[in-house]
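Going in written order, the chains are labelled A, B, C and D, and every chain counts its residues from 1.
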């Protein structure tokens, strides 16, 4: 490893880190051919499967970016974390935890079966579709735009700009996602939904279609890593308790059916989406002093070629490599 | 909170901490009446439901103990962590991860259904019974005593003494645990078992019946918190990678069907057993300086009155309280 | 039993039979209090739980009717048999059997779980909702009224008049049946539906809402008992093969989760609906000569108080009694 | 079809029928190559996959036999019908129906999942393994030989000789059937078993290993077709109610996961075993006078090459052909 570096957490080491990350991105880009671009929403298929990019932002603001860093993509399932945070902020944590459980499900993210089989009192967790749609139904507001407003406001506070809806993706989701409508009607029948189903699904499809970049994801990850506080001002953007719960859910349920393996091999809270994005939050660690980003960092990854569990295949391998090299695990 | 304490991690603060913990144990002891002693093994029913005790051992050796600290109890499911660690040490991590997955299951710990329903290639994780019995079949040795030997040796290295088998509990388990035999034969048919079923079950029942105290659990937790190293000598007792995986599994699957809630509300790797024991590993944290045990600690809890998910009901609440007060969460 | 009757199958014995049936209806009417009127569609709750009526029509035309014989009610699930028959007539038997299986499911009639769990290639059978909705999607016609036309025509041919839609029930079903919409979207996603979902569900809800009387059901049952032929003219109304398959499905899957028990205790092909109707088809039997209706008969029952499996509670007990008295079992 | 035959049910027509059946067996023997001999018990693999034989015995005693008629084979799952009948005779029908349900399960015959998933109060039916093992536990007698005695006695009464145990098959089953032991221990834990598990499994494996021929099966089928009465003496061998229930179960659950399709395409109560045997009971029918065996008949088939559902592949097709030609359907 790189030697003679007194303190990794300063800007002066950035170029050293940059070299490593460039190498690793170049190496793992070859792995994109092991995956395939998502096909369940037609418009997602237009992504370039060879793309791979990463952005790492430390508490000090030090940023290492490499690969395809400028490509916008939609949040997809990553939005589930944001909407759950916003719902907790709007409605209170205990209100939300009474309506959505926080247990890993062991079933596919789009399963209806586990709801029926277990005769559950509430969806298993807010990161499976049944839970996320329930969350979207609890967001206050009569229209989907009203419900999305606090999501946009939170993102604007974190990102410094107001992200936009990718209308084409939204319309593609809205028109093609029959399984989510099936889940929605099931939830409606069981009484889990708190508001009109159409508005709820519109909200859900829109939140999935918000467009971001890996820098945006890295900033979101950094705020979560920093327990919800702005890294510069120390201001609370997300209440600490809510930021913590979000990280727990990301660790236990964030990577679909591979969440346990991701926790085992990478060991950091992260959430992926079928667009190929991954957001990760690395909390401050007490580790060997020669490691970078010990004050915590946020990571954004984009790599639309997905593995069989629906996560960016090269993105996961890249994260695993970096996490092992720099000892990012929270365990 | 307690003020004017420059450094919580010294012996001189121990009496301050002791006061708090005594208060909390007294308070949560009343909660034991919300639970019930395990009934599935007859001999476990003899435990006193009012018992509650805790032992916390820091990296420096500072120890805070309170309540019923001297009562011996059997490891039960806590042994699943130990046997998985030992199997990884004996067989190698990749060998083991090819035979047992590391995903939360969303099903009851003693479920056979999920094996059949998902036509799994391997049990979901080593902390459900199907996974633990598979692990017991992989431990080297022709007899159960041979297989248990490295478990005893590891425990002896951590505890400083060789714990003993509670023969009465063992015989009670062996003779009454029909569900585990059902699981065993199912695993035998699917080809998951690597050795004779009777020896495997004997091994499994024996490892569950090893007798410990809360101090023992706290020591085990401390070694895990310290990434497998002896806190005094720095010697590697458990390889770091294996200690980390053990902590991941404890966090994601350690508290039966309440693992997600425990991670959310407490946020530390822990494993419970139906005897009422809980072992927890608190890794070093970067937190406010006024907090104790920032170098990490191990915790042992005993409280045989169980909640409906099979975890010590007062024990969980006590842990939650302490973790929140002292900011133990790894997130 | 009644004695001295040379030939039960003549009109002259009708008054003897009438006496018996009147007694039995009076007796089993008391059993209505063991059940409850269906609540899942609001308008069905308006039915009088004390109602009980039966109509038995023999091949010769001999009719025995008793109890509440004039009350109109909607077909509900009984329509599944009719629409399957019509779809087979319109599309061919092998076409249909490629799209819907004929296996009992062991799950609730409105289960989605079994579709997901078994990753089925087609719904288990046309008498569960998933199968029936699939059948409704296969009926030819661009609008629901076009699709219903051959159903009305078949019913008109059997009943001698064109039954009517109960608009209030239809609208109630359409607006309240969220589970069926969930099933519909699930089927849409899996590619089982052959046509527009809204038209399909409209068709399904309308077919369920066709209003009949017990005499109508008895006539339908008689035509099925007579292998699809008009009892007077011998004309083929339903092809024999299709009539036979309908009877098989009624026997194996016709009474929801109690189909096996109904086959065991009663032993005749029958289909119930949540409105409280039951249609039964008693094929000609070779039995002791002193039994009535050995040439076969059709039976219509109405009793809106349902047991816990969704079948008319008094209706089933009445049918069981009659079937045992008159040896109606096909086994 | 054959013409000019006044009465099919006489010996004089036997040679006409023989010609047909010989042709059909020759034709369907080619279909044996579409299947495979059972492999789950090693000794069953020794069967010759090309074998195919059928025996049809009418009420009058008229017998038509063709193909490989002399090969002995073991009852396997066919024994489930016999043991259920015997248990009903020994314990009473209502006692048995309180302990085993009579509903088709929709799951594989050797499923444990459905027991756990549905938290059933009793196994779904006596023809799945869980139900059959429960039945074996209810048979009176402290040893397996005591329990088998009434089974042997019933068979002796029907067959005219006492069949023998195939010890090699029995030992092979006993030593290799891990799934059945898994089921057994599951049943033991849930409290469904009424007696010692080892004796129960021994009984079950032995009943499966009783050796018969197709003539034997045809005789068993004939007695069931005749409502339990000896065709010559009219003596009751099996009470009528029990014979009827057996036929219901055979029709609804007798052909594993293909029971519904068999009922649809063939329409007669039948039970298959993995050894390749099928017993069928054709009750008396009111059908066109030119059909043979209208007084009912019993059929035994042997064809060890199995289809993917575990039934004799050529045997089922042969039965379907004959049933359609001679209109055997009970519907």
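For this structure, a couple of remarks:
Keep this in mind: a residue touches a chain if its C-beta (ideal position, glycine included) is under 8 Å from a C-beta of that chain, and two chains touch if they have at least 3 such contacts.
Which protein is which chain? UniProt says A, B, C, D = Glutaminase.
Keep in mind it's a predicted model, so treat the numbers as computed, not measured.
Shared contact partners of chain B (Glutaminase) and chain D (Glutaminase) are absent.
The set of chains touching chain C (Glutaminase) and also touching chain D (Glutaminase) is empty.
When chain centres are defined as mean Cα coordinates, B lies farthest from chain C (Glutaminase). Distance between chain centres (mean CA atoms), chain A (Glutaminase) to chain D (Glutaminase): 57 Å. Taking each chain's centre as the mean of its C-alpha atoms, chain A (Glutaminase) lies 51 Å from chain C (Glutaminase). Rounded to whole angstrom units, the spacing between the C-alpha centres of chain A (Glutaminase) and chain B (Glutaminase) is 31. Counting partner chains per residue, chain D (Glutaminase) has residues 117 touching two or more of them.
Going by the touch rule set out above, the chain pairs that meet are A-B, A-C, B-D, C-D.
Residues of chain A (Glutaminase) touching chain B (Glutaminase) in their complex: 97, 101-107, 114, 124-125, 244-245, 247-249, 251-253, 257-261, 263-264, 267, 269, 283-286, 294-295, 329-331. Residues 111-113, 116-117, 178-179, 181-186, 188-189 of chain D (Glutaminase) touch chain B (Glutaminase) in their complex.
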